[in-house]
Amino acid sequence: MPAELITKEARVTDFARKRPRLQDLDLSPGKRARLYRLFYEHGPGGGTGMFLPIDQGLEHGPVDFFSNPDAANPQYQLEIARRGDFSAIVFQPGIAKKHMRDYAGEVPLIVKINGKTNIPPDADAFSPLTGTVEEAVAMGADAIGYTLYVGSPAQAEDFMQFVSVKTETDRLGMPLIVWAYPRGEAIEKKGGRDSLYAVDYAARVASELGADVVKLNLPVFKKERMADLPKPYNELMLSPKDAMAKVCASAGRTPVLISGGGKLSDDELLQKARECMEAGCSGLIFGRNTWQRKMHDALDISARLFELLRQHAE
Amino acid sequence: MPAELITKEARVTDFARKRPRLQDLDLSPGKRARLYRLFYEHGPGGGTGMFLPIDQGLEHGPVDFFSNPDAANPQYQLEIARRGDFSAIVFQPGIAKKHMRDYAGEVPLIVKINGKTNIPPDADAFSPLTGTVEEAVAMGADAIGYTLYVGSPAQAEDFMQFVSVKTETDRLGMPLIVWAYPRGEAIEKKGGRDSLYAVDYAARVASELGADVVKLNLPVFKKERMADLPKPYNELMLSPKDAMAKVCASAGRTPVLISGGGKLSDDELLQKARECMEAGCSGLIFGRNTWQRKMHDALDISARLFELLRQHAE
Amino acid sequence: MPAELITKEARVTDFARKRPRLQDLDLSPGKRARLYRLFYEHGPGGGTGMFLPIDQGLEHGPVDFFSNPDAANPQYQLEIARRGDFSAIVFQPGIAKKHMRDYAGEVPLIVKINGKTNIPPDADAFSPLTGTVEEAVAMGADAIGYTLYVGSPAQAEDFMQFVSVKTETDRLGMPLIVWAYPRGEAIEKKGGRDSLYAVDYAARVASELGADVVKLNLPVFKKERMADLPKPYNELMLSPKDAMAKVCASAGRTPVLISGGGKLSDDELLQKARECMEAGCSGLIFGRNTWQRKMHDALDISARLFELLRQHAE
Amino acid sequence: MPAELITKEARVTDFARKRPRLQDLDLSPGKRARLYRLFYEHGPGGGTGMFLPIDQGLEHGPVDFFSNPDAANPQYQLEIARRGDFSAIVFQPGIAKKHMRDYAGEVPLIVKINGKTNIPPDADAFSPLTGTVEEAVAMGADAIGYTLYVGSPAQAEDFMQFVSVKTETDRLGMPLIVWAYPRGEAIEKKGGRDSLYAVDYAARVASELGADVVKLNLPVFKKERMADLPKPYNELMLSPKDAMAKVCASAGRTPVLISGGGKLSDDELLQKARECMEAGCSGLIFGRNTWQRKMHDALDISARLFELLRQHAE
Amino acid sequence: MPAELITKEARVTDFARKRPRLQDLDLSPGKRARLYRLFYEHGPGGGTGMFLPIDQGLEHGPVDFFSNPDAANPQYQLEIARRGDFSAIVFQPGIAKKHMRDYAGEVPLIVKINGKTNIPPDADAFSPLTGTVEEAVAMGADAIGYTLYVGSPAQAEDFMQFVSVKTETDRLGMPLIVWAYPRGEAIEKKGGRDSLYAVDYAARVASELGADVVKLNLPVFKKERMADLPKPYNELMLSPKDAMAKVCASAGRTPVLISGGGKLSDDELLQKARECMEAGCSGLIFGRNTWQRKMHDALDISARLFELLRQHAE
């Protein structure tokens, strides 16, 4: 190296990752204040978050409520969130408007402002707006949820819609939590939506586009699909924890929340949560795994998850 | 359950449903005042509503007027609404503008601001705007009607159009009544538009997206289509009343109006109305079943329905 | 009928149709003033109108001028309109801007603000904007013309464009004259664009959507297409006058202008005009049937039509 | 003719065409002033115009510069325009911004604000915006150029874009010069883009839509394509001059500029120019036929064309 | 040449190209000041630029970081840029917002405001917005990056989006650097995206549309594809340096930055850089070729490239 040209010394920089801390992030006052509410004032705190999403009524329809009919009433989730001391509940605008009144302030609110039904095929999945950032601000929400279907053939429309939402959240100091979901026929041809390749890419896309927080799925390794994956993912088999650590590295300074997905047993759920938190996730966002349980069980598993997150509090 | 973590007591919460009451809903002053006019001041009142829709001239064409040619003249429906003391009449903007003059104030007005002809196929049904919220306000309307084709391949366009309408109605304090109709080739592949699966999903979507009131069809159970329904609907056969109760539960805090559909006999119509009201519906919105009858018969059946609703007044 | 509930008396209402009168319509002052100019101050008056449209240069190209080359020059139509004392001339914005100068005020102007060429196929016909309402106001026009292709697969785009135009015309007090033309592959499959079914439906759609005046074609009964028509039109054969009366009933309070279509003989044209006026039309809008004639003949037939309309003046 | 009705006398009207004169056109002050600069102050003047277009780098790519590599540098065209005393040069916005500085005022500027590459097929040709009217005004341009692909299946999008441009030019007093080019698969099926039918139709469309000046190609008669032409064009064979006179008649009060097209010999070019000017054109807009020649030759042919136009000056 | 008409003398004009100099370009004060920072104050200076782009995480996904995992952390690229004294770093908005804080001012920033994943096929490639010009200004960026897919079937959408971005950059005095990439099925049919035809055309398009700086690939000559190229490119084989000189000529007054593409050896990279600079390029924008190397090697190759650019400083 021609020393006469490179005169600057290395600045101490730690390329090894750890969970991003709110105080280290370059956030506007509004975003900082609201994320502080979610990650420090409510729920397990200490920089961790435990969120209760209930938009499955839109995404899947009432089918998800058959196993526990109480769950069809959003009051049910609000009671779980209140009694289980969740960091926030996640509602679509219509449900938020109809049900938050008696819990305002007590249970923080995240408004998901896009969504779709799963009735039409999702070969070119796109999640259209169902509300506005201003409407969420008016309801006292502390963050916006947005689903980005990474890799969908409709990604151009999605990115453009995302930019309009991001611009609004930046203007109003609202944190933007991105559901970064690989989806559509193109990703299915490349190994499927749950592969490490897909989730890892989704984590990076969310970070590149400006998510404040990202919600991701735990990668799944399916032997029969490995050959479809782009190199070098096609030969990469990792433990769940290592896979999640890889994904967290790709998310970089974007705190990662881990999705619950379909219902698991208590042990499976706790193990998944533990591995993800150890891998560098900042919190959990388990819907069906919480409210498809009866109230007592829901509060019980929530308490265990709460305890787990407390162990990762800083 | 680790008791040291779950310290909050259960708040008294009744997950069992009953018909939503206006005073329990978290509505803006404008929406509340206007819904009060529709559900308490006009029509049977006491929280029930009896609405007379006449947009079939747009949706189906003049074919619907052949059995009773008087019905082609909107004055006919206005006379039924006035003499039968309906809660409101529903017009497209053009008809409202041309015919409300002599009934203004006397017959409350709901303006339907989207619609389409049934000339092209509706595999990817979409109902474009035919008017604006401001125009309806200017005409003294008390609510906006909007058709949402739940599950249509065009749902993205529909949701985005809906958001723009909802934003306007929220801004102007106009109640938003959603015609939540499953439609399009995707739902036809999953058992058809009238199945419990379809109607139940539509009820929830309307609630999630922020309908103030929802108009739904009574689910129909067709044995030959059951196998096409998603689980667990494929094995669920309910009585009309139970089916409707299920749907009302999915609509939650969104009052349900029941559509009339094609013309029925007096007895069939009254039975349908009775079962729906007992199941938790808030009112009726029967078009062809009213104005396809001659004036005397129309007033007669309206009076019987009025009486039925009075029995459900609170 | 439970008399205790239906206490209101029948208001005197005449469901039988007659030609709508300007003074009976609920119009804004601007629309009323401008329609008064067209239907009372200029042309045959007394509530009738005789309009001279010349947008065929755009819709069909110069082919329509071969039989009478003078007609290629818009001065030709202006001279016919001036000397024949027409109610107004109809121009596209470009022609209006270039040619109205010497006739301003003397010949009232209607600006047609959408249109298309007939070069591409019209399976999903759509007529895009070619100008703006403000531009027409600036040119001193007394009305706006808009083509709505009823039943086209592109109807969603059409309706939405129409709403934007209607909103502007309402804001500026400009009457909106709708060319309600059934068009596109869907209507061709249902018996064709000129059937009573098609024209009748178009009349109602224009009225539902808020046309102030509607331009329609005289329905045609083609035996070989009857089977394709929806019930009960498939068995309905009416005389031209009865068919037109049916269509006028469907248009309701929207005054109907009758299109001329391709060139007819003097006798055929006069008979068609007579039957339509007797059926309840408010006027004629004959283009090719006027200006494809040489000046003397054009003025002659215009005078006869003028005389006919005078007979229907009120 | 019933004389009692037709009382107005014939106004002296000459339906025979001649070249439109600026002073006879009903133009806003801004359009008039700028067109005066182009047709009287610069170039051959006297109501004629000689324009130098150079947007082939965008439309065709650098292939057009191989025969004369100097032409790849826009300074080359600017020097031709300056030394050959052209009425104006035509640039895309990017080239105008980078090269006009040293010629500002000396060489009038027309900014072409739409365009496309010819890399994708043009079955449904559409020329998207590449700049704005305001940007052209800011650069001191004296007119706007816009390509309208007449008859393209994308004509709806084109017309709507055109309206937005026209509205801006009207607002800012900028003349609008329309490249009216028949294009797309539909016109190819009807005899091709260069037929009299196609060019004649394009001339009329530009006039109907509000072009201030129109750029057209000289029609070409191909015997083998005549059968594809709509009646009566399929049997119409005219001399170039008569064909052009027909086209000028269809353009009416819209001055016509004639395109050069691919490179011709000096004699062919002069003959074409002479015939077009005698047929009623207002000027020439020859690109490749000018700048594909070496400087001396380019100035030489320009001088001859200049002289020709002077002969048509008024 | 008729001397009496051509009286103007030739102005001294040098059609031979050299690298455009900032002081010769007609730029707004804001653009000039910001480009001065990039090409004179930071990096090798003297009118040359050495840029470090890192948006591959979005364009290709984390696959590009496997060979050097440190590179997944944007701090890595920032350290290279700071220690290697680059002219600027290029980030997507999300990464810029999260990582620039500690390097603000020290490392100039270019924000790339469109992008896409490579998961769906790119037959009709289009790069949607991922941010806004105002957002980049707010972050203290010195230029905007925009990818234009020249020749894509989606070019209409691309051009229109580009115009909106260009208008914003002009308004705010932000230099606009265009990634001019031939892409899509049409260019693949005409010899491929890396051919001289494709790159040469792209250079001209960027210049015509108003790029302030253009990023291009070095053309590649593939014998087996030559037959697919349009004339006369199909018979044109040039040395890399001559090919690049041809491309720079087509870019004209738009300074050219040369892309690195996939990773090369040190010698190949230096040779490529040398040839491009000698051919008239204004700088280098090598991403993977820099940060896929370990820190020491990255700084070493950067230093060599820096030295090379210094030799071309003016």
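Points worth noting:
Per-chain numbering from 1; labels A, B, C, D and E assigned in written order.
As a working rule, a contact is a pair of C-beta atoms (placed from the backbone, for glycine too) under 8 Å apart; a residue touches a chain by one contact, two chains touch by 3 or more.
Because the structure is a prediction, the values reported are computed rather than measured.
Listed here as common contacts of chain B and chain C: no chain. One copy, chain B, sits rotated relative to the other, chain E; on C-alpha atoms the angle is 145 degrees to the nearest 5.
Chain A and chain B have Cα centroids lying 35 Å from one another. For this pair, chain B with chain D, the centres built from the Cα atoms lie 57 Å apart. Multi-chain contact residues of chain E (touching two or more other chains): 157.
Starting at chain C and stepping first to chain D, the chains sit round the ring in this order: C, D, E, A, B. By the touch criterion stated above, chain C contacts chain B in their complex at residues 1-2, 5-6, 8-11, 13, 15, 17, 25-26, 150-153, 155-157, 159-160, 162-163, 166-167, 170, 182, 184, 186-187, 190, 197, 200-201, 203-211, 230-233, 249-250, 252-254.
Per the touch definition, chain E reaches chain A in the complex via residues 55, 57-58, 61-63, 66, 69-70, 72-76, 79, 82-85, 92-95, 97-101, 115-117, 119-121, 126-132, 135, 157, 295-296, 299-300, 302-304, 306-307.
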